[in-house]
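Per-chain numbering from 1; labels A, B and C assigned in written order.
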Amino acid sequence: MRDKLFHIILLVVSMFVPLVCGGIIYSLVTDAYMAFEHFGLVNFLTSTDWSYTPGNEQYGALPFITGTLLTTLLALLFCIPFSMPVSLFVGEYFKGTKLAATLSTVVDLLAGIPSIIYGIWGFFTLRPIIMALNISPQGSSILTASLVLAIMIVPYASSLSAEFIKMVPNDLKESAYSLGATHAEVVRKVVFPVAGSGIFSSYILAIGRALGETMTVTMLIGNTNHMPHSIVSTGNSMASVIANQFGEADGLRLSALIAIGLVLFVITALVNGVGKLLIKRARID
Amino acid sequence: MEKGLKKRLFTNKLTTCLIVVLSALTAVPLFAILGQVFYKGIDQFSWSFFTETTPSVYRVMKAVEAGSPIPGGIANGIVGTVIMLFMSMVVAIPAGILGGAFLAENRKTTMAKVISYLTDLLQGTPSVIIGIVVYLWVVVPTKTYSAVAGSVALCIMMLPLIIRSTEETLKILPASLKESGLALGASRATVMFKIQLPAAFGGIFTGVLLAVSRVIGETAPLLFTALGCSLMRYTIDQPISAVPLLIWEFFNDPFLQEFIWGASLFLLFFVLTLNVLSKQIAKKWKVQS
Amino acid sequence: MESPIITFNNTCISYTKGVMAVKNVSADIARNTITAIMGPSGCGKSTLLRAVNLMHNLYDNIHVSGQILFNGQDILKMEPIEVRKQIGMVFQRPTPFATMSIYDNVLAGYQLNGIKLSKAEKDETVERCLRSVALWEEVKDVLTKKGTFLSGGQQQRLCIARALALKPEVLLMDEPTSALDPIATQRIEELLVELQKEVTILMVTHNMGQAKRISSNSLFMYLGELVEQGSTVQLFDNPKDERTKAYLTGKMG
């Protein structure tokens, strides 16, 4: 009897999570509905117009979807040359040493820094450099945002990959050594193939992080509503356009912003879902 | 030595060097950020910085004209952060612990699997979306931005983190602990509250600290919920400020840009201290169990 | 002994300075024989065996002094890769590379060393090696399958084939049958007896029966010291040292 009551209490409290999730989806869908209805789902997703002239409002999400995908992919590209060495340093080359512990503490701390401070740092330190190098006149650009985003996702990508690299059985590596392989060859031919699916899934989760990152991108991307024509042009990501315009929006524009939120929610949920699934599979292997 | 082997050994050395150099480079941004924020922020630390509220543009202009230092501080943000954190913790900690206990207790059931999946979903949801939703749930019906709305947003962000850390910690406790309790005739509730949860205290505490350090620096979910306010407020039904919100305001206000660094240093100090502290505790706790 | 293939000359191995795992071992290993190294757990037999393949180079905390001569040359002064190409090793647990097919597993040594073979050479090597471990008939139709689908005994034979592919002069085996069932063990033992014609086998074993059945010479180690060495028959029938006697009669771990 008391056990039953205990179970029910736990269950009721746990229903919080499904309720919140359900509520998020419900609210986003109902409030985005106006925009979808007005422009049509496909048209909304593929239109590049974003103008709030009264009487001729046009809202299309493509510039922001593009902005998000571009910043995320670029961030991933910039992140790999650093996160991969870090995960090998921690999980293979200096595995179990003080040096490795120090490096992972440092990298972990990177994950603790709030995104608004990354934004500040990017704005006051990186942006002037981008300007000085004549890469982009205002300094704010998709590239600028991606560079800082890359630093932000290094800890997510590297710490999980390092775990998978650590799990590669020692005798497997020794077998390769006993056949005359060098350390680099063991990494390439044994460690990477064996830990590969785990490493891959770590990067998927890192992408999931980058997709929804808001403040850093908002402060560095330049906040323009047009379609970005190159990586050094200004733009907006889905998250940054919401952060920028949500406060002043109402009516159709508010609905359009919520619709963008819904798209962002769906994309991140898919990416994170796939990442978690792959991680589970990789752990079982 | 044959040529092919020489080349392979060279490649091997080069790989090792590259790994070391690139790994070391990865640590540079941390020190660059900490260094810059500390160097520029420490000058602003003064008694008034922590006790006075955000100055109005008028006051700032006056001060600049007179050549005196910019008056005011971030006290309103500190108070707002404390109020909202407190309110969100009051709900998120017990709910998170009970939710984690549910997942650990009913591991194999469909219900637990669904909740577990949704916890992941919630944890991965971008914070700006939490902001939108809480705006729709709280700000729209009450017709005002408020500390309550901000707390709800922070609470939703903390919840999955606490659920996960509680679940993980309970999972690694030896099964014998629970079984020996049940064998003595104790009810499952007694075993959970008197034996399992106390044994898991270290892990849960770490999880809570980490969750707090994660949300304390969140800006996006507060933008459309707490909004910000330059007055000192202790009420929960009106717009309120928070330290990260202040940084955002300073960033957007050319007159107040100086203040960015002091506020950032203050925030960074708290976030990183909580972060390091929780990891230290986690290490100690793991050794003991 | 005339021209031993391997000679241990005052070989000492220590962990993190101080803890001696192997103390002043001197011994000769005869060509084209099976030599067994026996002893209770922790006696340093695996450590000694691994040193022959310079496996200790992978870990910073292991130091080897003295000499280990291979055809008269000190292994400890040679390039590890050169040594390992000529001295193969088989481990306790079968370690087929999970991401490679059976075919590629046999050729892994060539692939890892960046040696290019023609298709015909590859086919020839795979067949020769798999035949010499008596695995060819069992797997010739599934060569493209992953090596991990095989049974434990088959996997271990695949690993022996992989080590043989590089045509080593010496094969080191670290308790190669301890993870296998009796039938698989017997097959491997028969195989090793066959193989000693082409390659010298130095084997660590926990299993006295195994040493007695297949080895011609034996070394007995205890607490890091080489207590006794000689022909297996003599060591089993007439041990000179009390400690050897105690071990063989089961009075010691």
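Everything below uses one rule, namely that contacts are C-beta pairs under 8 Å (C-beta built on N, C-alpha and C of every residue); 3 or more make two chains touch, one makes a residue touch a chain.
This is a predicted model, so every value here is computed, not measured.
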Most centrally placed chain, judged by C-alpha centres: A
By number of C-beta contact pairs, the top two chains: A-B
Most remote chain, CA-based centroid, reference being chain C: B
For chain B paired with chain C, centre-to-centre distance based on mean C-alpha positions, whole Å: 54
Computed distance of Cα centres, chain B from chain A, in Å: 17
Separation of chain A from chain C, taking each centre as the mean of its C-alpha atoms, in whole Å: 49
Set of chain B residues in contact with two or more other chains: 8-9
Of all residues in chain A, the ones touching two or more other chains: 182, 185
Residue list for chain C, restricted to those that touch at least two other chains: 81-82, 113-114
Chain A residues within the chain C interface of the complex: 169, 171-172, 174-182, 185-186, 189-190, 193-194, 196
Chain B residues within the chain C interface of the complex: 1, 4-5, 8-9
Of all residues in chain C, those that touch chain A in their complex: 53, 55, 58, 80-82, 84-85, 88-89, 91-93, 95, 97-100, 108-109, 111-114, 159, 162-163, 166, 172
Parts of chain C lying in touch with chain B, wherever the complex brings them together: 79, 81-82, 113-114
List of chain A residues in touch with chain B within their complex: 2-3, 5-7, 9-11, 13-14, 16-18, 20-21, 23-24, 27-28, 31, 81-83, 85-86, 88-89, 93, 103, 105-110, 112-121, 123-125, 151, 154, 158, 182-185, 187, 208, 211-215, 219, 239, 242-243, 246-247, 257-258, 261, 264-265, 268-269, 272-273, 276
